[in-house]
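The data blocks that follow each hold one structure.
You will see two complexes here that share chain A, one where it goes with chain B and one where it goes with chain C.
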Partner chain A sequence: MRGVLWIARAHIMTALREKGTLFWFIIFPVFLLVLLALMFGRIGNVGEMNFDLGLVNLDTASSTATVDFAAIVERAFEELGKRPALLKEPLFTLHRPSSGDDAEAFLKGEENMLRLGRRAAVVVIPKGFSEQVRAHAMPSSFSGSTATPASPAGETILVYYTKGSDASELASSIVEQVLARVNQEVLAQAGLFRSQETVPVETRFIGGKEIRYVDFLLPGVILMGFFTNGLFGVPGAILFSRDRRILKSYWVTPLSVGRYLAGFSLGHLALCLLQFILLALLGRFAFGARVSFAQPIPVLYLLLGALTFMAFGFLIAAVVRTANAGMALANLLNLPMMFLSGLFFQVGGLPSFLKVVVYANPVSYLAEGLRTSLGIGTGQFSETLTFAVPLAWIAVCVLIASRRLSWDVVR
Partner chain B sequence: MRNAGEILMRVTGLVKRYGAVCAVDAISFVVPRASVFTILGPNGAGKTTTLEMLEGIREPDGGEIEVFGAKLKRVTRGVRERMGVLLQDGNFEPYLRVRETVALFASFFRRALPVDDVLSSLSLEDKKRAAVRTLSGGQRQRLAVAVALVNDPELIFLDEPTTGLDPQARRNMWSIVTDLKRRGKTIILTTHYMEEAEALSDHVCIMDQGRIIAEGSPRELASGLGQETIIEFVASRLRPADLEELGHCGKAARVDGERVTLNTDDLVRTMEALLAWSKERGIPLANMTVRQPNLEDVFLSLTGRRLRE
Partner chain C sequence: MRAFRQLFLAELRIFVRDKLTLFLAFLFPVMFILVFGFVMGGRGGAAWSANLGAVVAAGPDSKALNDVLSSTTSIRVSRFRDQASLEVVLAKRGVDLGLVWNGTTLLFLYDPSRVQENYAFEQVASGISTDFTLRRQGLAPLFSVEKVHVGKKAATNWFNVVVPGILAFTILSAGLFSVSGHLTAMKERKILDRLAVTPMPPTALLAAVVCVRLLSVYVGTLVTLFLSVAVFKLSFDINWPRYTIFVAASTVGMMGFGTLITLVVRRPSSAGNLSTILMLVMMFLSGVYFPIELLPSVLRAVSRVFPLTYMTEGMRYVTGVADMSALRFWVVTATFVAMAVVLFPLLARYVVSADRH
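On to the complex of A and B.
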């Protein structure tokens, strides 16, 4: 037992002292978590979204009118252009013509900016807007619409956006909601709208609670960390030690292959545990992840994941001759196994030939099993399958490795 | 301590083939306890293959090994507990420290010496916190010896222990081997340095092309060449005819670059003839030495080749 523990200790110490291994074990998964959480994790969070919005008021003549409806609309957007709190982003960064600018020329410029993707949307208050609203909305109203005039009276506010840009479509939808609220206020003031008579609407997520991206991401990054450790770390360490005749030095002692592999596996699992703790702490305290892994089923999935990928590592070590060939094979398996698995993105809409990879890939079952057990989304596979497929892969890998893994000497 | 002179290992008809090549061709020898048994031979003679079969990491294709009084088909865990091995091409984890490496190997044995005692016996205390990758060649080899000795073995295999070491480190290794022998250890050593075999061995086996071509103590082997004396000198601008004339001075003459070696059974007559030849031809005899034959000469006389050719 002492030999097993010492082999485990040597494996851990070597991994933590070698810069290359340390990068793949610790730095890469941490970097990936930080990068993906920063890129996608803030979408949908108030105070962490900001759109560039062009706002052009062509109704400057209305300033003499008793009620300047154009100014009301402008003020609504101005409010949303203010920073809600220190360190928070305002919803809109407004781009408006300065006093003395030709508004028509400014509008042309803003349309151009929209085409170039430097504006999410452009809102245009047309000439004579206030006058017409007063004529029709008192007691009539005005309406907001996207580019198409919705009212024959001509008091339409134009919202330009670009199709195909998520940011632009999201911004235009928010602008429409803002205008609808302004519209309600005007109608309410005119006594034509009573908010208590509206039908209440509430949006709910299937699965019972809202899923935040960081909660979806964190289990995926943890599994990816185990995956990288298994696919690269295991064959790398075994083949390097074999090629450098480090293992040969062990084989002239009473150490058996079984004891060596037990120690190696123990060390590998300890490294996975260390990596898990680091990522879970970072996810919770730096990105506010609420997902809790301290439950029996998620722990089982994590252990199964670490063992499955370790078995793949043994398989790679068994079918190649050198450490370089091992790294090449690991790279070849890495991309399809990692990305055709739902680890980071949903894979529902893939073509059939790629779905075959998804269904054969143990990562798909582990990712889904772990997420479902954590209450993050629902799965397409049964719980039995999410355990059975990785276990079957472990059996296949261990069987091949036990027959093919060469120690270069008689063992 | 058991009796010196007792047979610790007996090898009979050991064979190893790699395809059509017979790397070790039915060799037999015995290793007495508390002695240094050396297998001397050029690179590719089959020394390492022989040792690796005795260490249990190569399977023999034929023959029999008897060690510690038991005949073995395979080297067992029990035998490994009693032996220590310094491999020719062995290596250690480069990122582990010296003390950690010795402790790691100590953990593989049921019984091991205190790690710090082993380190101090090999003057490695100062380096115990150094990473293996930072060690010099000599320090690394001392670490390999420390690892081989950590279980206080009765039988120690040292495969080319001084290859690649500088003269100082080589001398250090020699004193380690001498000390081990003094402590009653049995050492099986391979080398292609005849000085090493002469300096350390009680018994030498000369191996060439998978076979044992001579064996005995260094003195016995050298005396096998009879009463011969070797005269060596440096002479430049020699013609083929000069070599023939020199051959008449002694028993046999060889030229290796500008270095001339003459074997003779009659030193006085040969010296007189040689000096006369030098005067007549006007060729000075620079750096002349007269010596008794050594293991290199034995190998040369048996194979017609030098050990390091």
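On to the complex of A and C.
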């Protein structure tokens, strides 16, 4: 037992002293967690997004009319162009013609800015807009009558955008919602819209609760850490030790391969535990993650994940001859296994030949099993399958490794 | 010139025999294209083409709601008999969001794990509820809104916009890792020591390595482009002379940037780790996949100092999916060339010549 513990300790110390291992083990997953949480953690929150929006009112002649609808539209955007709070960002940075500017020429310039990607969208209020709205929709509602506009208005506000650009599509979609609210507001002012009869709207997340991004991200990053650890750390440690004849020096002692393996595995699991603690603490205290891993099933998935990826590492060490070849193979497997697993984004729309990879990939089952057991979404695989497939991979890897992995034993 | 020719052929052979480098040069971008192309299915995964699952109870207002659903252009509607069956399909991502109308309340259902997309789906839901409220009261909007696409025709597909970004990322990855990493590894293996005692000028070696990698990057981008056109039926309007100039300029610029990393971190493995972190940050913050406008202001400012932001912009321009002013294009291109001109002599001095002592 002492020998086993000694090897475990040696493995931990070597890993912690080795800058390369430390990088993949600690720095990379921590960095990924921080980066993704900063990027997506507050997406959609008021004061966190900002779009450059051109706003051109060509209906300047209506400014003297009884009700200037164009000005009402402008005011709605002006409101969204103000900072909601100190250190928060306005939703729109408005670009409008200054007094004395030629609005038509300004519009041409804004269109060009949109083409060049400097504007997310351009809103154009056409000439005669107020007059048209008044004439078409409620000929006398603003002067006492109660005519109701039941047919769509003839007047149209144009929203220039760039199809295919995420930012532009989203900005134009937000602009549409703003204009829909303006429609409602104006109709309410005219006494036509009964706000007390607004349709009650409820929002519900399936599974019963809304998930914060960091709670979704954290289990994925922890599994990714275990994965890169097993894929690079295990074959790296074994093959470099073999290449440098360190293993050979072990075999002149009474240490057996079995005890070395037990010690190595124990050390590897201890490193995974250390990595888990670090990431879980960072997630909780730096980003406010509320997901609780202290439950039997998530702990089982984490343990299964660490064991599966360690077994994968043994498999890689078994099928190559040198450490460099092992690292090359690990690099080849790393990206497809990570991307085709649903670890960071969903893989529902894949064609059959790529779905085979997803279904054969143990990371898919572990990621889904862990998240489902933590109450983060619902899964497509049964719970039995999320345990059975990784276990089957462990069995296959261990079988191949036990037959093919050369320990360089010449006693 | 003879030394350069011999070294070029030798480097070409080394490159072709190195399976990992070949993978990174050709298969890596292809894999990105395949995964993103199929996973995202040619859309940004966002609300402008959302699949909505609807359960609409028959009643006095169902016609108004159905009219709203059929007139909302940003959604595709699938009908369900009850909420339970809708929730099952929503959980399996058969639809993006759900709508249930029971005659009194409009319920919107979301998948909580789609944390990055739900904001956009909420915009769609808001539009539907506003429109329905009006129609239910027998009102119509006072004015309509028409969206007009302004820009290149080739940009009308989300994936069309992403592919040039992936090409830019490939150039970045090849540039950062290739020359400096290769020369540092040669130095570590004492190959440069042996070459140093020959009459070979260090610049010939540097030129040979750069030319081989430049060739591989150019061919790699062509393979990726061909695949995206053949498999995903994308169309590009490529300005070939500018494409060639920009790929070459940005590649040598990134090779120079890689040199800077080598000078800071001498060990190839540490340089590789630093490059990995830099590439990851740049991939997320340079607008390749995610719009910069959705990032917090600090990260938006950071994105403006990353070369990948400008490489993505340039690649979108030369492939005809985005506009860019000619002046800006040439300034960006010249900046990349300047990076190479300034930084390559440092590489020659510190990595090659240093071993002559």
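Note that in this section the second predicted complex is superposed on the first by the 370 of 411 C-alpha atoms of A that agree within 3 Å, B and C clash if a C-alpha of one lies under 4 Å from a C-alpha of the other, contacts with A are read in each partner's own complex, and residues count from 1 in each chain.
One rule holds in what follows: contacts are C-beta pairs under 8 Å (C-beta built on N, C-alpha and C of every residue); 3 or more make two chains touch, one makes a residue touch a chain.
As the structure is a computational prediction, the values presented were derived from the model and not from experiment.
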> Aligned on chain A, chain B and chain C: do they clash or fit?
Replying inline: fit
> Which of the two partners, first being chain B and second being chain C, lies in contact with A:R403: first, second, both, or neither?
Replying inline: neither
> Which chain, chain B or chain C, is in touch with more residues of chain A?
Replying inline: C
> Of the partners chain B and chain C, which touch A:W251 in the superposed model: first, second, both, neither?
Replying inline: first
> Touching A:T162 in the superposition: chain B (first), chain C (second), both, neither?
Replying inline: second
> After the superposition on chain A, what angle is formed at the C-alpha centre of chain A by the C-alpha centres of chain B and chain C, rounded to the nearest 10 degrees?
Replying inline: 80
>> Just checking: does A:F129 make contact with chain B only, chain C only, both, or neither of them? Give me first, second, both or neither.
In response: second
>> Looking at A:I7, would you say it contacts chain B, chain C, both, or neither? Reply first, second, both or neither.
In response: first
>> For A:R17 in the superposed arrangement: first (chain B), second (chain C), both or neither?
In response: first
> How far apart, in Å, are the nearest Cα atoms of chain B and chain C after the overlay?
Replying inline: 16
> Mind pulling up the chain A residues that touch chain B in the complex?
Replying inline: 2-3, 5-7, 9-10, 13-14, 17-18, 241, 244-246, 248-256, 409-410
>> Which residues of chain A touch chain C once you look at their complex with the stated criterion?
In response: 19-20, 23-24, 27-28, 31-32, 35-36, 38-40, 42-44, 48-52, 69, 89, 111, 114-117, 120, 122, 129, 132-133, 136-138, 148-153, 155-167, 169-177, 179-181, 183-184, 186-187, 192-194, 197-207, 209-213, 216, 328, 331-332, 335-336, 339-340, 345-351, 354, 371, 376-378, 380
> Can you name the residues of chain B that touch chain A in the complex?
Replying inline: 52, 55-59, 74, 77, 80-81, 83, 85, 87, 89-93, 95-96, 100, 103-105, 107-110, 131, 147, 151, 157
> Which residues of chain C touch chain A in the complex?
Replying inline: 19-20, 23, 28, 31, 34-35, 38-41, 44, 46-48, 74, 87, 90-93, 98, 104-116, 118-120, 122-127, 129-134, 136-151, 155-158, 160-161, 269-270, 273, 276-277, 280-281, 284-285, 290-297, 299-300, 313, 321-325
